[in-house]
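Attaching a single structure in structure tokens format; questions to follow.
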Amino acid sequence: MKLIIEKDYEAMSQTAATLTLARMYQNRRVNISITAGSTPKRVYEIMAPQVKDKSYLDNVYYYNFDEIPVKGEKVGITMRDLNTMYFTPAAISRERIVPLNEQTYTTQMERIRSVGGLDFMLLGLGFDGHYCGNLPGATHFEDEIVTVSSYATPDMEKRLIKNLDRPEQLFDFYLTMGPKAVMETKELVIIANGKRKAPAVKEFLTGTIRNEFPASVLKLHPNLTLILDEEAASLL
Amino acid sequence: MKLIIEKDYEAMSQTAATLTLARMYQNRRVNISITAGSTPKRVYEIMAPQVKDKSYLDNVYYYNFDEIPVKGEKVGITMRDLNTMYFTPAAISRERIVPLNEQTYTTQMERIRSVGGLDFMLLGLGFDGHYCGNLPGATHFEDEIVTVSSYATPDMEKRLIKNLDRPEQLFDFYLTMGPKAVMETKELVIIANGKRKAPAVKEFLTGTIRNEFPASVLKLHPNLTLILDEEAASLL
Amino acid sequence: MKLIIEKDYEAMSQTAATLTLARMYQNRRVNISITAGSTPKRVYEIMAPQVKDKSYLDNVYYYNFDEIPVKGEKVGITMRDLNTMYFTPAAISRERIVPLNEQTYTTQMERIRSVGGLDFMLLGLGFDGHYCGNLPGATHFEDEIVTVSSYATPDMEKRLIKNLDRPEQLFDFYLTMGPKAVMETKELVIIANGKRKAPAVKEFLTGTIRNEFPASVLKLHPNLTLILDEEAASLL
Amino acid sequence: MKLIIEKDYEAMSQTAATLTLARMYQNRRVNISITAGSTPKRVYEIMAPQVKDKSYLDNVYYYNFDEIPVKGEKVGITMRDLNTMYFTPAAISRERIVPLNEQTYTTQMERIRSVGGLDFMLLGLGFDGHYCGNLPGATHFEDEIVTVSSYATPDMEKRLIKNLDRPEQLFDFYLTMGPKAVMETKELVIIANGKRKAPAVKEFLTGTIRNEFPASVLKLHPNLTLILDEEAASLL
């Protein structure tokens, strides 16, 4: 594991943007997954103008790694957030965005493997150790791409509803690449910033590997980079 | 994961030997770990004459991944068995064999990382899901290189003594690369043959990932090949 | 460059077969090119039974790198020879063999690049420094895939006719991947055996890089292995 | 080859800095060579603050690829310029800078190979097709690391003296990695900007491969990226 500690959120974002951009500069198809959430907001602000209208990046394909479907909406929460934060400002063509949804999820792993697998994934780290839709109690290490019931754990319904405009929009399940699917990616990058993430970062690096803290398993990946700001690293 | 099923033990051994040999043919230092045990016996018989006296393979370094020390002996069980099966018939120079023992184990990971990490590891699969010295109850997924007490589990003493000439030779502990250290290797190959291994193979491929079946975690490695004969694959 | 010198033709062939086979054992599509000619005859004899009926090698695609069309025949000299030596005994499915011919050559590079490029190429070395159809006077270093006139050099017509049953079968041109296309391959392996090849081997390794000795440019490839028997290496 | 055309010098520099920085973010030793000259000035201004005092970049080693020694000075022109532009503002420790000079050049290739070879090289492109010290008439494609006489070509003396404060400082020779040594690098990046470079860029991409235009051979590298601004690309 490569551990990178930067001074602050801006520096962390700059380094994550540099790493993500550089992986795109290849003379072949590149398949990547990028995270929604609040952590990468600045990463995408830095990246978007460097990606927009660059035909030499037409080799890059984006595979969503989780999705919360919304009743009555064509687009789920993850896709909506990625559109706002990155796909729209970076003007990524729709043909190069591969959604994960109710129609596609059962064949998504096969689709990914048929184009050579995922090359790169940018992940966040939740307070509770979650990443993608791998919340405690939601998935197990051996899962590939799965649906998770909206009632899988006592607080799941509440957590999902927080993402919605109205509670009636709650779908029966959400979708996620599970730990096994994520670990199959050639390179993983995890970002985390702020004092409030410091306990999760400490647990990630020093705790046992267990389904109850889902991200713990990612430290077994042979090509992993963890990028923190000083606050997130303050308990190490 | 790449799954290769060969007709019989001979064909499985031939394919494993081909893969292991080919990883050595590089124009740079190559660091590998190879397993003792009965499964690879024929692999090494095939490899030895193709390696012996080949100065173009002087780029290959061998790192032992476990060791059972023996009281009153300079050399442990793993090294003794590898000497007999491979290092001696292949005439590998001692400067290119890096032992794991009581003197070296605390600094072994650092030593491995300083030369670029392990490139390749050939592993067996035990009936109980063990690999290297990762027996059920002996290690945890987050372990790097550790000592395991000879009394760590109820049957550990008995299992270790079976490897010794006389019970008095039993040492207080044995040594092994733990799951985290093994997963850091760039490429893993697991071999298994025979009907008696079929249940372990099935459990490996379809069971949950848990410390109680240590090898289960290896299926999370992004560059893993499993080579079986038809008997070992008979329950799939 | 990795230089491997083996005792004799059999050992050279065994090592080349090992290297070629091992490159196929991947959990993704693998694109390779293999040479016709007399040098690899034994390589293919060793490989064929290890490849035949192995469904786990369905990930391997073969791209012919040169072709001598024959008037009145559907199949050129290279394809005919590869069929006899390897594709037929190894029972390679036609869907995984991509021919180079009058219909395909203008779009072949594009086709190769769209599947990630060639991973591996097994080449012979001619007495005159030729490889593929890159004969002295036929191609230049900057050529990708080209046609070469059957009258390009004073002795070209004679050389081509030697491959035919009857002189009337001579086509106006033959086809070849040029030096630039070959160099784009991720890994190159050159084999040569026998005393008669010793001068070409010496020239390859110690001579200047020039179009007049076409193979000379291949020593600039960053991932090249040269496998010789002792006779071919006897002038080094 | 990957061709990247950016709007202007600033954008070209940003992309080259991103690519160079990202290659450094590895969990292993990384060996790179970077060019002096005027083209990369802005690249290094962008990089320096992102590299300075970053202990996580202690894995990066710098190997100079050419040097013009100066009579009476301890440090040659290339090292002086790289110090000014990058090594000093980025505060690179001297233990991680490997100079090329009269004392080291005969063993430099061996030194580079013993640490796994060069991973990355950032190159400029001269009006006359030169790169590193590979000027027309100075080196040949098969050269590894060589000395070039200060009188090797009619205008060499004049060109070298332009770099010096006083003509008396002219040394008998300068040093350079030759084409063969450069091509052994795993990844090459060439940058060029401005209208005045447009003819050289066109010649590089469309001309024949010949010693008289030294950079022509670099287009045979299987992992090459060319980064231009629109002016440098204006004749394509």
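Just so it is clear, A, B, C and D label the chains in written order, and each chain counts residues from 1 on its own.
Throughout what follows, contacts are C-beta pairs under 8 Å (C-beta built on N, C-alpha and C of every residue); 3 or more make two chains touch, one makes a residue touch a chain.
Owing to the predicted nature of the structure, the values given are computational and were not obtained by experimental measurement.
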Quiz item: Interface overlap for chain B and chain C, more than half of numbers shared or less than half: same or different?
Solution: same
Exercise. Could you work out which chain's C-alpha centre is the most distant one from the centre of chain C?
Key: A
Self-check item: Which of B-D and A-D has more C-beta pairs touching across its chains
Solution: A-D
Quiz prompt | Chain centre separation (chain B, chain D; CA means) in Å | solution = 44
Quiz item: Per the centroid of Cα atoms for each chain, what is the distance between chain A and chain D, given in Å?
Solution: 37
Quiz item: What residues in chain B touch two or more of the other chains?
Solution: 117, 223
Quiz item: What part of chain A is in contact with chain B in the complex they form?
Solution: 117, 140-142, 179-180, 183-186, 207-209, 216-217, 219-223
Self-check item: chain C contact footprint on chain B (complex, rising order)
Solution: 1-5, 14-15, 18-19, 21-23, 25-27, 50, 54, 56, 223, 225
Quiz item: For chain B, which residues count as touching chain D in their complex?
Solution: 28-29, 113, 116-117
